[in-house]
Structure formats: C-alpha cells, structure tokens
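Residue numbering begins at 1 within each chain, and the chains themselves are lettered A, B, C and D in the order written.
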Amino acid sequence: MSILINKQSRLIVQGITGRDGGFHASKMKGYGTNVVGGTSPGKGGEQADGIPVFNTVRDAVKETAADTSVIFVPAPFAKDAMMEAADAGIKLIVCITEGVPTLDVVEAYSYIRRKGANLIGPNCPGLISPGKSLVGIMPTMIFSEGSTGVISRSGTLTYEVVYNLTAKGMGQSTAVGVGGDPVVGLYYRELLEMFENDPETDSIALIGEIGGDAEERAAEYIRDHVTKPVAVFIAGQQAPPGKQMGHAGAIISSGSGTAAEKIAAFEAVGVPVAKEPSQIPDLLKRNR
Amino acid sequence: MSILINKQSRLIVQGITGRDGGFHASKMKGYGTNVVGGTSPGKGGEQADGIPVFNTVRDAVKETAADTSVIFVPAPFAKDAMMEAADAGIKLIVCITEGVPTLDVVEAYSYIRRKGANLIGPNCPGLISPGKSLVGIMPTMIFSEGSTGVISRSGTLTYEVVYNLTAKGMGQSTAVGVGGDPVVGLYYRELLEMFENDPETDSIALIGEIGGDAEERAAEYIRDHVTKPVAVFIAGQQAPPGKQMGHAGAIISSGSGTAAEKIAAFEAVGVPVAKEPSQIPDLLKRNR
Amino acid sequence: MKVHEYQAKEMFAAYGLPVDKSIVCRSVEDAVKAYEQLDAQKVIVKAQVHTGGRGKAGGVKLADGEAELRKHAADILGMDIKGFTVDRILVGQAVHIDKEYYVSYVIDRSSKAAILMLSREGGMDIEEVARTTPEKIHKFVIDPSIGVPDYLAREAAFTLFDDIALVRKAAPVFQKLYKLFVANDASLAEINPLVLTREGEIMAIDAKMTFDDNALYRHPKTAALNEPSEEEKKEQSAKSKGFSYVHLGGDIGCMVNGAGLAMATMDMIKLYGGNPANFLDIGGSSNPTKVIEAMKLLLGDKNVKVVLINIFGGITRCDDVAQGLLEAFRQIRTEVPIVIRLTGTNEKEGRALLQGTHFHVAETMGDATQMAVKLSK
Amino acid sequence: MKVHEYQAKEMFAAYGLPVDKSIVCRSVEDAVKAYEQLDAQKVIVKAQVHTGGRGKAGGVKLADGEAELRKHAADILGMDIKGFTVDRILVGQAVHIDKEYYVSYVIDRSSKAAILMLSREGGMDIEEVARTTPEKIHKFVIDPSIGVPDYLAREAAFTLFDDIALVRKAAPVFQKLYKLFVANDASLAEINPLVLTREGEIMAIDAKMTFDDNALYRHPKTAALNEPSEEEKKEQSAKSKGFSYVHLGGDIGCMVNGAGLAMATMDMIKLYGGNPANFLDIGGSSNPTKVIEAMKLLLGDKNVKVVLINIFGGITRCDDVAQGLLEAFRQIRTEVPIVIRLTGTNEKEGRALLQGTHFHVAETMGDATQMAVKLSK
C-alpha cells in the first residue's frame, strides 16, 4: 500500500500545454501514473501526448472522474488553479509551482480545506508511490518499491536520502516533498499520521530544515502517536540567521527556527538524527 | 421531545441591554428557558434581570457553555452578531432582527454553515418547544405541550394556527417561525426532516405564503420523505404581483411564487390545504 | 428599488463594464443635441420607464437620420407604458449586433446566495426561456467568501463562447458585474442582451438593476435615484409610519397585525365573497396613535365601505389592545362600520371591553370576515 | 523585503491608521526645518536603518529645543548601526505616553494564516515577552475568507483595553492594519508600541513592515522602496540568474543543485572540519552557461581555496550534467581545485566522462566533502 496516491489515482495536469506541464505529464504517464486528462483554457478538445485536454477542471472532472490534480501554471495563476481544482471536486491537489505569494497560498489553502480536499505544496517536487503512481517531478529511477515512508521539505535532499535508502535495499512506500515555502499544505503531522496508519509502511524518514517550528511539533507528535521507527535529517546547521536559504521558508527569524533547536527536539523524544543523509538507512534499520 | 431546543438548551441573548433584548430575555427566562447569559460590548460583568452580561460571545460561551443564541441587535449589526455567534461555537443562532440586508444574510449564512451551526431567521419570531424552552418573541400563553410540529414563514399567522390547534387540544412539539425574508436559515425541507425524525412529533402544520418556490420544493420533499400527516395553509391568494406584502420575501415576481401554484403543488402530492387557518386541526386529525 | 436603464448604465460604466454610447434626454431638442454628439447615422431611442415590455409598447425605435430621430423622440416622450408616462428617453449609437446573450446576477432563495445566470438566448424574455428550454440557462452559485475568481468567470464565459479570445473578454465582465452587484446591495443586475458586435467586441446594450430596500441606508446615492409611482409613494409613506400597505381596490378596508395574518385576512374576505380594499400590516404593538394613523390611511380610500380590524394579541395582550382601540376611536369620527376581531392573550377581557360600543365584535376570523362582507353589500 | 519606519508610517497613514506627526530628514538642516514645521518643543529623533536594536545603539534620542535637536541629528546621521550607515533620520513630535501596547499581523506557518498578535507589554522586545511570559501575548488566527469583522476586532481590542471607548477606538485600527497587510502582501505589519496618549488617543509611534518577495511583482510601488545592502545586492544579482546565494565567509566554495542539498553540503563541510564559503543553489538543470555564471560568483570570493560541486542528477541525467561541466570548464580558467560529486540517474556514465580530467571526482557526499576539506588546508 501507500499513502495519498496509488494505481487507482486519476490524475489531471493543470497547465498541460505549458513547457513544464507537458514534459512532466509525459514523464508521469510513462511511469504508469493514471493521467486521465489535462487543462488549458481554450485548448479543450485537443490532445497532449495522447492525454485529452479540457478548458476547465470542472469539464475534466466531469469527463474523466479525476480525483487528483497536479499544477504547473506560473506563480501568478497558482492560487486560481488550486481553487479551481478544489471547487471542481478534486480531492488531492499538488502544486509544483515555485514563487507563489504567501497570502495566495493562505487563501487557497483555506478554501481547499473547506472543500474537504488536501493540498501538497506549492514549491514542492510532488510525491511518488514507487511502482504505482508519480504525481510531480521526482526522478523515478532512484526510487524502488518498499515500506519506508519519506517526508521532506526539500527536493534534491530527498533524492539523496532516497538514493541511500534504495542502495541499502530499503524501498519506499510513498515519498512526499511537502514544499519549501513558509505556508504549504500537508505537513509532518498529517503525513506522520498517514504513514503510521498505513499497514505497508514500516519506518519513516523525515527530512527537515531551518525555519518555523514544524519539526519541533513533529517531534511531539511522534512521541505521542507514532510507534514506527523514525529517523531524521535536518539541513541548515551552518545557516546564518535572517537569510533565506534558497527556500522561502528556510530562514531563521528572531533566533528561532534553528537546526540546533530542531535536532534537540527530536533527540529529546528519542528520535535519532543523522549527521549526514547517508546514515538514515542504518538509523532506521537499527530501530526496526 | 422536540426539535432544535429543549430543557437542556443553554441560551445567550445578543443585545441583552437593548430595549427588545432586555424585555424578551426576561420573558424567555420567565418561561423557563435556560438563559445563561447575554452580550453587550462594554457591559461585561453587569447583570440584566439576574442574567450575567459579557462583552463578547466568546467570553459568554467560555463562561456559560452556551450552545444557542438569540439576536436582538439592530439590522446594521445583525451580520456581525450572527458571525460572532458562529465563530464562538454557538450551534443554533436565532436572529429576530428585521430589515437585515439580504447580502448580509447571504454572507453570514455561508459562514454559519461553514462553522457547522444552524441559523433561524432573520426577521422571524423565533421558536418554542412548549413547556421546555422559548427562544424568540412568541406569545407563550397560546402554546401547549403536544405533538404537532409547526413551521411557518409568518408570525401572527402562526399564532392564529397554534391558537386553533391548542383550542382543539392539539399541543405542539416545536413551533418554528423561519422568517419572512427572501434569504433565511433553516427552512421547510430541513425542518420537515427534523420533525419526521422526532419521535414525539406525530403531525406537522406548514404555513406558507407567496414568494419563492420553497413550498413547491417542500411538497416534493413531503411526497418522497415524510410519512407523518401534514396540513398546509398558504397566505396571499389575493396578493397582486410585484408587491411586497409586508415580508421582504412575500412577493410574486415575474408571475412565479403565487399562492395558486403552491396550493396546487401540495394538492398534487396529496397534502391537504386549508381554506382558512381554523381548518388546520381538523385536516391533521383526519389524516392521523 | 428600481432604477432606469440609463442610471444602471452609468453604474456599469463606473465599474468598467462595456456599455454602448448613449445619452439620456428629456426633450426632442435634447435628443437632437445627443444625436449630434453621438455622431452616428443610426441611433436607437428607448423610453426610460420602471416597467418591462416597453419594446412591445412601441417605446423602442431605431432612427435613421435626424428627421426620424425627431419623430421617434416626439412619439415616445409623453407616451404611456403600463401606466407610466415617459418623461425621459435614452438615445444611443446603434450597434452592429452579431449575437445576443443573457447575463444576470440575482439572489437565489434556494441556494441562499447570489447566482450568475447565463444564456445564449439573449434579447428574449428570460422567464420564457426558463419555462420552455431550461437547459439553455446556465447557473453558477456564487460562494460569497470568494466571489467570482478568474476560473469561475472563465467557466461561465465558456458557456456562452467557444472562442478563447471572447472568453477572455467576457470573464472580466462577469467579475465586474458581480462587484457592482455586491458593492451596491443589488437584488438584480441584468444585461439582456449582452451583445457580440460585428467588430468582435462585447457590450451591454441594455442594463437593469434593482436594489435591496433593506440596504438602501448604506447607499444614499442609490437611494436618491428612487422615483416612486403614486401608489408606491402611498406605500412608502405608510412604511415610514411603521405600516406595510398595499392598495387592492375593493371595499373592505383591513387593519391587521402581522403580514401573514393580513394576507390571510384579505384571502378570507375574498373566500366569503367580499373584496378587500387593501393589505395593511400595522406591526407588533397597536397603540392608539398607530391605530389612528392606520384608520386615516384606510378612510382616505373612498371605496372603503367597512373596516375589518383583525388583531392577534400576543406579547401585547388583548385587553391592552382593546383599550388602545377605544382610545383611538374616541378621536376618529367615521360613519363607516367597524368590525373588530380580537383573539389571543386575555381575549375575553379584551372583548368584554368592546361590548356595548358601536363596534361589531367577532370571535373568529371566519365570523369577522362574514360580518364585514355582509356590511359591505 | 524591508522598508524603513517612515515608509511604513506613510503606508499606515494612507490606510487611515493614526500615526504621530513626523518628517524624514537627510541632513541637520532638514531636521531643523522639520522641527519648525512640527512646532513642538520636544521632538524625537530616530535613525532609519534596516535593523533592530537602534535604541540600544544610540540611534533614538529625545531633543528638548533646537540646539539639542541639532546635536542629536548630527550625532545620529552617519552613525553605524550593526553595519548600516544612517543616512536618514525621522524627526517626530514627542507624544505624552500613558501606556504602550504591542500589535502585529504576521504569517503563522502552523495555522497557515495571518495571525493578529497583541500584548499589553508594548515597547518591549516581543520575542522576549513570548519566551518569558507567553500568557501575556494574545493571538487571533484570521480566516482569510472573512478577514477581521467588527466582532473580532472588538474581541482583540478587549484584550488590550477595559474601557469600551478605547475598544471602539482600537478596533478599527486592527481592521485597517489587516487591510494594509493583505492589500500589500506583507509578511509582517507591526506596531510596537501602539500607545495610549495622555490625551486618551491611540497612536502608532513606531511602524515596521516587511513584504513577501514572491508578491513584489504585483506591488511595484513597494518594490521601488527596496534598498538592498551590499550583501543583499549580491544575493539579488545571483537570484536574477536563477541562483540562491548566501555568503558565509569560509574558504570552500559550494555549488549544489537544490536548496536542501546545498544546506546539507555546507553542514557536512563543517562536520568534517572545513569552512563553507557560501550557500549556492543553482536550481534544477545545470547547463554550461549556468555553471559558468556560478563559477564566476564563487571565484569572485577571494577567500575561496577550493570549489565543491555537488550535483544530484534527477530529471537531468548525470551524463548530461558531466557534459555540461566539461563544456563549462573549457571556458573557465582557474587554479582553484575543483571537487565534483555526481550521483543519481546515469551516475556511472557521468562519472566515467569526468575520469582523466583535472577534476577531483567523488562518489558520495562524505568522500567529496573530505576531499574538499583536505584541499582547503
């Protein structure tokens, strides 16, 4: 099994006629994801790599019974795209777009939750349930089917960890990149809960970084609710305060959000923290 | 039993230090309603007829565990009062205020539903579960405990019908005045469902009037879902088109919303329609 | 509250909605000046009245040249349309129409929200379209917490247009119209027709708006546009006294507390073979001054042969009501017979107080109505 | 993006928020003119710099009379505060303060919304208050679909004031500040302190705003207020090339694809006893021009003794990356040793291409880091 996406997921690609949307639509389709359609206003009726294109998400959902959507539209239109998906009845919305204004995300998120849907991203690489479904831009070749759940705020650092997991024979149930912005959708707490409840997941790798206090709250949540082994890596120990480290959300403000605090929080509840990403597999095995 | 309110309902009165709010707070308390508090910004800490006054609904809910609220504030402040109640966790909001702008009600209603609460009114006399609780401004002396449910868009016409019911020995489980505005909260459909599900209600009197098509939809609902006897009175057969008959919602527009259409709709599904209000008790008895 | 087409168009323009070029005129001379200003060979002349069906009544004419314009303007000004005398006309550049559409926002009781209604069958009677071909009307319920986002405006536009270029032009029109609708507490904002011109532009060539009376207090500029008819003036003056009054034309004057009961009263008069003169809801309490004012209103109608007072004593008890009536009628001198029906709290005490007076006192609505009908014959 | 206090106060004033009367000055002469204009005996002189703690640094002074004003203005102008040179001061009427409060809107990651934060402990370091007496800070999560309705503003005001008259004055302040916050895509809008004056008025005597960089494209007026420091200029120029760059001061230059991996790389350099010169995320693909630009940036830092390139080949395969690197380094002449670590899709093919070049090629992050650290010694 897996969380959030599987073989049954019916995906549409919002912005399928754009450069990135088209490229990744084909990649996802190639991986075996059930890509049932795409949207691009004014191109309804056309095809993109054999995938039917619709003018609106509502049309796409009506015709294809899609339940999942991935968004590749430019940042100024991302809020509208997220809300369109939610309004049309999409239940999992994955927004890849980088650089979306924070208040746009706040508004879209509030609306999405009201519609009973879930959001992943924006500014994220999406998610993958290896061997089943890819919704996003992750390089599929490094993943393998298995039972470790991966949650991460970062893209390539996730790949680094997954690469190490796969190399040690530890496949992944689902790997989720939650996104590097200060405000994004599903986060540690919700995903830890899903992995804890997923019978096919037997261990969880959590990759954090500086900024905010979500890791601290994740540590508390693990202490109270997670029985499966968790191993953690936190990036940004050398980050100077007040500087955005690439991700809009990776910033130490007013002395809080440091890597040291986060590491201490996990260690305090007995969750092992890796010194380098390559230690994650061993830390998980040792606790299994 | 009863619907919506009973002995356990914990009521606060918004606008309790106003003329109407104060008067009816005392009346409700006198009837035995569990009036646990009232609100009036700046008068927190005072008492009104022995009822504690709070600055905000949140304070009132925190201190009294109120679950029901009745609103007596002037029309320009009604939207804010309804939303304040919903935000503070009140589950049944009864707005007596007349003359509230329609778009204010639209906005408040949307928010109230989102918060999982119910609205009755505005521009309504409230509701009563005789012998248990009065939330509103209905004259209690004409009501008696019993098992007929009453739903009405009108105030005094409800009293007229209830007066006739009581005279014929037919007490009421709950009587609800839904309000005379075009947009109000709970309406025929929801209340019919509640009465149908209420084991202590054995018959339902429905009082309609010109304007809109809620009666037509109620008739359909009764046909499909209501097993208990229903009798109907519709006011406004003589109303000329395009004129508001007292209630903002009582208007025949573009030839639709006439009494004749509504009467026909009920008769078509076998629900008896009274020629005058005094016939309601007999029509209900005959069908029981 | 209604406004004229030209006033609605001014609001449209203020919100950036595309409207045809037109000028309101109060005389033939005005119209000729407008014609010069518009600088078009063909113009359309439209009566400005607070009623529909002006086209069928001859209130809308196309004029080709100044002579025709003069003729049409002269014909239409002063014309009577359904009881309204035309004192203003709108002279507008004739537009080359390629296609006509229907667009409106209206409050929908059932969804308890504003809805956007659209149809490719523009320029027609939309109620007729709704009755005969409901599938040709598209409806979008507007969530007030988000209004009309781009995607929704686009979705709506796709119901009218297939060409993305037109969709892009139409979508902002729907967004601006919603803004106007909400910001001004409208109950209807209608464009019928919205046209696609031969030049490929989208334009509102008619505009209709009505406003929520309950919200006029916060829109003084809109309220100032109110032009009540004689009948509406009477209703509004009644309203200012706390009454709801509607003239019906029969001979039995009614005075009732509560709108529903007042409607039921007039229905019962008819049921028993009489003719109600009016609908009159005097509201909750019934203090003497209110009764005196109400009686003045009723007796001002010379057709009234009998007055039926139907009061349900609720919070205000029947004995108090009876006292009030007695006090009021000490100050009113009238030959018109008065039937009083008094029920509710303390009804016996109330009725006892009225015994031995010149009032005809009844116990039930049925009795009271029959008395009144008899007295009216 | 930050703005100065005086710029924030101009925005406050534009939204109807009460601020003290003050004038920004660039010279002592300006300050004297401002003093005359303000027409007050006592004025406050405040350094305008993009950093906190200016009070402790001597950047805020009360001046009683013109002579003192001249002295303070001269002292503060040109002063260095945490690396920022003061080139502007704000001269404002001194206010009789009765009480000080803290008010701010900030984006809260956890509730994924804006929150309103309030405290009766105004004028203090709010982080300190949060740490030591968190119960003295009140938080209201703002639902973006309804903003700050009257009732919520009132609730918030009751946390600061007991007197209803002051509640009524403060509530609209919170509503206007929220409007300003949202309309301008702020990430922080802070009043510290909001004061109650001896005269019973409520007033913002300091103002702080920062803005969401991602939203600046729709606020050109705000964007125009940007005054980057030398370091920020470098970062912004890197950003315009698609990089994220932060200077750290060590001697091992890093070039990494992806922010998380870039952070992990600099952490590992430290772990193995080295000193990272920078954080540099070159983003997704790694075409030759991008690599050339990145190398220019790294080699511009004269401290850099070795460059560590850490690339995870994902969508872009490692062999393509290797080709790109080879091509780029044909155009770059440098004596600085280059360590390359290449992993991911087609990594073997990629590494094979780099064999026999002057690059130090490593397989794992650990190996690469150790090589780089060794080369830096």
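Here are a few things to note about the model shown:
Throughout what follows, a residue touches a chain if its C-beta (ideal position, glycine included) is under 8 Å from a C-beta of that chain, and two chains touch if they have at least 3 such contacts.
Keep in mind that what you see is a predicted model, and the values were worked out from it rather than measured.
Separation of chain A from chain B in touch steps, taking the shortest path, is 2. More C-beta pairs in contact connect the chains of B-C than those of the other pair, out of B-C and B-D. Taking each chain's centre as the mean of its C-alpha atoms, the one that lies farthest from the centre of chain B is D.
As a whole-number value, the distance joining the C-alpha centres of chain B and chain C reads 26 Å. Between chain A and chain C the centroid-to-centroid distance comes to 55 Å (mean Cα coordinates, whole Å).
Shown for chain D are the residues in touch with two or more other chains, namely 145-146. Touching of two or more other chains is recorded for residues 111, 114 of chain A. Shown here, the protein chains touch in an arrangement that is not a line, ring, star or fully connected set. Taken together, the chains touch in the following pairs: A-C, A-D, B-C, B-D, C-D. Residues 41-42, 44, 55-58, 77, 80-81, 83-84, 87, 111 of chain B touch chain D in their complex. The part of chain C that touches chain A in the complex is made up of residues 145-146, 149-152, 154-155, 158, 164, 167.
On the chain D side of its complex with chain C, the touching residues are 145-146. Chain D makes touch with chain A in their complex at residues 107, 109-110, 112-114, 127, 143-145, 182, 185, 187, 212-215, 217-218, 244, 246, 248, 256-264, 266-271, 276, 279, 281, 312-315, 343-345, 364-366. Residues 27, 75-76, 99-107, 109-111, 114, 137-139, 141-142, 152-160, 163, 180, 182-183, 207, 209-210, 212-214, 217, 233, 235-240, 243-250, 254-256, 259, 275-278 of chain A are the ones that touch chain D when the two sit in their complex.
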